[in-house]
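We call the chains A, B, C and D, going by the order they appear; numbering starts again at 1 in every chain.
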Amino acid sequence: MQRIGVLTGGGDCPGLNCVIRAITKTVMTEYGATVVGVEDGFEGLVDGRMRELGNSDVSGIISLGGTILGTSNKGDPWHFPVTGADQSVTITDASAQAMAHYRQWELDCLVAVGGDGTMNIAGKLAGLGANLVGVPKTIDNDLAATDLTFGHETAVAVATEAIDRLHTTASSHHRVMVIEVMGRYAGWIALRAGLGGGADIILIPEIPFTWEGVFRKVLSRSRHGKRFSIVCVAEGAKLPEGGEVVKAYDSKRTDAKQLGGVGAFVAQRITEGTGLETRVTVLGHLLRGGSPVPSDRVLATRFGVLAGHLAAQRRYGLMAALHGSRVEPVPIKDAIAGLKLVTRDDELVQVAKSVGTSFGEV
Amino acid sequence: MQRIGVLTGGGDCPGLNCVIRAITKTVMTEYGATVVGVEDGFEGLVDGRMRELGNSDVSGIISLGGTILGTSNKGDPWHFPVTGADQSVTITDASAQAMAHYRQWELDCLVAVGGDGTMNIAGKLAGLGANLVGVPKTIDNDLAATDLTFGHETAVAVATEAIDRLHTTASSHHRVMVIEVMGRYAGWIALRAGLGGGADIILIPEIPFTWEGVFRKVLSRSRHGKRFSIVCVAEGAKLPEGGEVVKAYDSKRTDAKQLGGVGAFVAQRITEGTGLETRVTVLGHLLRGGSPVPSDRVLATRFGVLAGHLAAQRRYGLMAALHGSRVEPVPIKDAIAGLKLVTRDDELVQVAKSVGTSFGEV
Amino acid sequence: MQRIGVLTGGGDCPGLNCVIRAITKTVMTEYGATVVGVEDGFEGLVDGRMRELGNSDVSGIISLGGTILGTSNKGDPWHFPVTGADQSVTITDASAQAMAHYRQWELDCLVAVGGDGTMNIAGKLAGLGANLVGVPKTIDNDLAATDLTFGHETAVAVATEAIDRLHTTASSHHRVMVIEVMGRYAGWIALRAGLGGGADIILIPEIPFTWEGVFRKVLSRSRHGKRFSIVCVAEGAKLPEGGEVVKAYDSKRTDAKQLGGVGAFVAQRITEGTGLETRVTVLGHLLRGGSPVPSDRVLATRFGVLAGHLAAQRRYGLMAALHGSRVEPVPIKDAIAGLKLVTRDDELVQVAKSVGTSFGEV
Amino acid sequence: MQRIGVLTGGGDCPGLNCVIRAITKTVMTEYGATVVGVEDGFEGLVDGRMRELGNSDVSGIISLGGTILGTSNKGDPWHFPVTGADQSVTITDASAQAMAHYRQWELDCLVAVGGDGTMNIAGKLAGLGANLVGVPKTIDNDLAATDLTFGHETAVAVATEAIDRLHTTASSHHRVMVIEVMGRYAGWIALRAGLGGGADIILIPEIPFTWEGVFRKVLSRSRHGKRFSIVCVAEGAKLPEGGEVVKAYDSKRTDAKQLGGVGAFVAQRITEGTGLETRVTVLGHLLRGGSPVPSDRVLATRFGVLAGHLAAQRRYGLMAALHGSRVEPVPIKDAIAGLKLVTRDDELVQVAKSVGTSFGEV
């Protein structure tokens, strides 16, 4: 009887529990295999925090946000933090310990659900003899190997609902509403939510904007009798003047030019540049939490089922991916090769422009 | 300056307003064309109930369910009902009248948003000299020409949320919950909502079920200590004994073997066959109403923008369709040729079975 | 150290987990008492299915629908069904067994969360020496002793959201939409949801309606150019012709005059009486499921905290109730004395009439 | 035939459209009066931007956020900004102009929907001969004259849903999540949302907190194996060190000690004081937007209906208020006398403490 491990790594993402459930049900029912859950990503593999999962563990979790296994973005076995008796932290190579637990639990294979960080570690563990199967996870949907990742549509839905709410209050006053969403490198969340929410201006990392472009759109709407404008900003949008705007609470970034986040900064500049009142909303981790929307549940379940089949059929080194309307395996190492960024000639950008949305360009 | 008409035909569908908005904004802004909205589908074309649409008509409607133009499924110009002075209804050929209004309003083209009924009429109007562009619309997502239609994901979302609610109350008692959703010929809504909601049994028109198969799944769960089962039934699911179950309120169907709808009938038979308590919920037109989910808004906007470009560029006889991740034009007449039904070897069916869902087969 | 039992009886109701959590946290933290959860209402007390509850059992359940303890409406210890070896069911008096488990688990007190059935049994157990504290529970909000019960607002919210959805699709067509909600004896859900959703007609058990009254309102709206009407019907609304309409799936009610439920029947009669198309939606147990709305969570928590204090302070025979904006104890036996029904001169009825809602009166 | 004016003043608030609809329907249907809507609060009265409202204006707006009349918080007729030809702004007394429009439109009475600012102006207009009726409006629910105001429950619901989302992602990582909600003087939103969402720490203006109290609670949870803490902060929470934290985008407040808002500041201090990772979410104007929850729609409709009756019956100088479960008139001038703040011995505060919530006290 095979023994198949599962872990979830990196940031939180709606749909992780659907994946865990799908893997568990598939390998238990169709192959009679045993599933071993690893807690808190690779951190739990190093620490040996693992447990067998049964039907009752995965029952009813399809609609649940978060991950029942926990996750961590600190658990790289090759750079593992160990706290000494004097509370000082030393970084050590704990990869042998991770492999020891892999062998002690007699795993035939480990299914790693995560982003590029997780997949890189997975690749290194494979080099030490572990068998790996992957499930891609990125709320930003910026992985070149798959058309879509689960969690993304949920994030877009939360952001769009927020824009809907801001619309009603914006249209009661004469105001500019700025909403900041996730997206450090890729602007897909801002683009889709801006398009679905009918934002007037969308600012994303991939398309440099100018203050003149932003002010002109806002003022042009005002002149045409529109009572308000909605600006949807990705947290990674690049300022015209260069430099970076970091969050007020990110106490380590003392070098940063401005505290408060890019949304607050954009709002401040619009007030200065147009004389209009502005308000800002920062969605932050709201986008990562809560129950996955149905399409994310279905996609996550499809990924999990395929990963379960791959693991049980010993087709290692592969990862689930969506191509068109098909879920297919791709090599893990290819998968993490390329980022999928928004381009100026992307159909969605063109569509947004056709309905009058500005990207703040001159 | 071109003049482009828009009408929405057939049943209601979340996203229609996104299409109307996208067409209007695209042809006004990018081509300087004038948009003429036709009220209540082809009925309004026959009656000449038409009006010019401006920016303020389509502002803020992206999140709005329904259609600002109204729709109708009675307006076939070739079989048009006319009510006489004595209240008697005569069916007449009003196609010439429809064409007269088309010409009187100096339309260069008419964009018809609708299902196969609407597209058939569009084809016949083209035969009389009208220029047509199409946008496909089916909440059931059963059109072969496009991978996805807008409105479908919203319907799936409403149904999934209902299943989520039933789960919590089902698990507090020992009960079988039956939920009936739309889908007269195609089971996509039941399949996706059942998969996303974690239904235990899914009954759809395309996969014949047996009472034994249904009872066995329910009883097997009960024996394994599960306190409940959720059964998701498409309204068009075919009974093992043949025949059809119609709604109690459908007073014209006196031939029908049983009143109350298929959901109520399935619930009754499960009670008889297993001795377990059952409850039924009939979602009915809830699936067609309300604000479209963001992914439907984005898809509907993409369809509308393409239709706007096609109309303004005089590329008539074409319809917007989604292939993979691209929105492309396809000939209208090809588009309505084939239905896309669920098949037993569809990946979604296989995935559902891998996570333990039964289709009531023996 | 005191030992305090908790059970949830009767139908499901959003907010039960908030009550369980509040009782547990209050008596553990403030009194150092132990909490014993009883499974499936009084059924679990007879069977001795009980377990100690700790902090981890009640952590994170505030937003969870249903009840982690399970419930049952079959567990009256004085009429307890016992299944024999031949599968025949005998009704026995199992009250001594219930008391034996009460004593075996060394309970100082039992907090019973439930409706009048549950409170009646609680009163009889008190007669055998058990100490009882009560928390009222009725989704219909029909208990005279308290201004409001938890779960009611959630049911109203689900029903209102459904009416919102029907509005958009109703207004796209010319149609009458009938929606059936819970309320066998009291019409509060239909009244509040109808008022909040802007229903045109509200039919409730307490206000007899006539078909003429219903038809007149529908036709009058139609004549004034309104494209649709929304009718919100409580399942217990009394037909003008007398008799009762039962659900199609309620197979035991062969005496009933009509299958399909009152909603379907009303829809059918409106079609016959006005010639307008009708559609029906039956919400059924959707109203009892899902996450409680915030105001229900707060009220349920307030009830649970007070019940915890009453139990730990040995103030037995009392029940939590809301009077104005205060939560106060009332004697259990008074509490179950009277039903709170809608009256014709209730402010809500008058308000509904002032905004144009009809109750189907002549 | 009487002519009754309606205006909405001050900040946006879900339920305003329910009030407008209820007043309009009540006075038109029951008294045959004419309703005149004033745009953008008192600004529109000064400018004479007014229009008659009919049935079609208020049809379908019950579920709509915002206000169809628009609002403004700049429109005090006694300090009215006038922009000169050189773009300079002069403050003038425009009260005579406001009264002139009141008389020109032949108003018998004006119904003012708003907060204390609006009611003060209303009182001054009454001094000039206008007849006034009031409907109280404060999303913070801090008016002593009424037990509850509409909009408040919607704000609590949005904040609670956000806390729910943060819970799932917080519990996947080891993290402290800080959420900042509205409430400059009164902490009711933070208190109710914190209670309903199960926040671990609630910081409000009325209860001074200490950093030690906050750190202790967070660290104590961490020691007991809890993976996360949720901190719900009202924007007006007072820092232990005195001073005020203002928003980063509030460019005029150069005197402020710290940019970024109180939520970001609290998060930063928790990171410094406990070494734990923190994340912050700022809900901002999300709380004021979107469709009102059903209980707010019902309350707003009750207020509007009473205001309509008062106006039509010439019972001037009165305002609708909720006392217990009754909606009653109170004198406007009494109504704006007192604020209703949270006190330490409020039942809700005691309940929150009983379920383990900390207010950051030592």
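One rule holds for everything that comes next: a contact is a pair of C-beta atoms (placed from the backbone, for glycine too) under 8 Å apart; a residue touches a chain by one contact, two chains touch by 3 or more.
Keep in mind that what you see is a predicted model, and the values were worked out from it rather than measured.
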Both-way neighbours, i.e. chains that touch chain D and touch chain A: none
Rigid-body rotation angle, chain D and chain C, from Cα fit (steps of 5°): 180
Chain whose mean Cα position lies farthest from chain B: D
Rounded Å distance, chain A centre to chain B centre (Cα mean): 32
Distance from the mean Cα position of chain D to that of chain B, given in whole angstrom: 40
Residue list for chain D, restricted to those that touch at least two other chains: 164, 167, 171, 291
Contact set on chain D toward chain C in their complex: 21-22, 25-26, 29-30, 59-60, 62-63, 147, 153, 156-157, 160, 164, 167, 171, 192-193, 195-198, 226, 291, 293-295, 297-298, 301-302, 305, 308-309, 323-327, 347-348, 350-351, 354-356
In the complex, chain C residues that touch chain B: 12, 16, 64-67, 70-73, 158, 161-162, 164-174, 177-178, 227, 247-249, 251, 258-261, 264-265, 267-268, 271-272, 278-286, 288-291
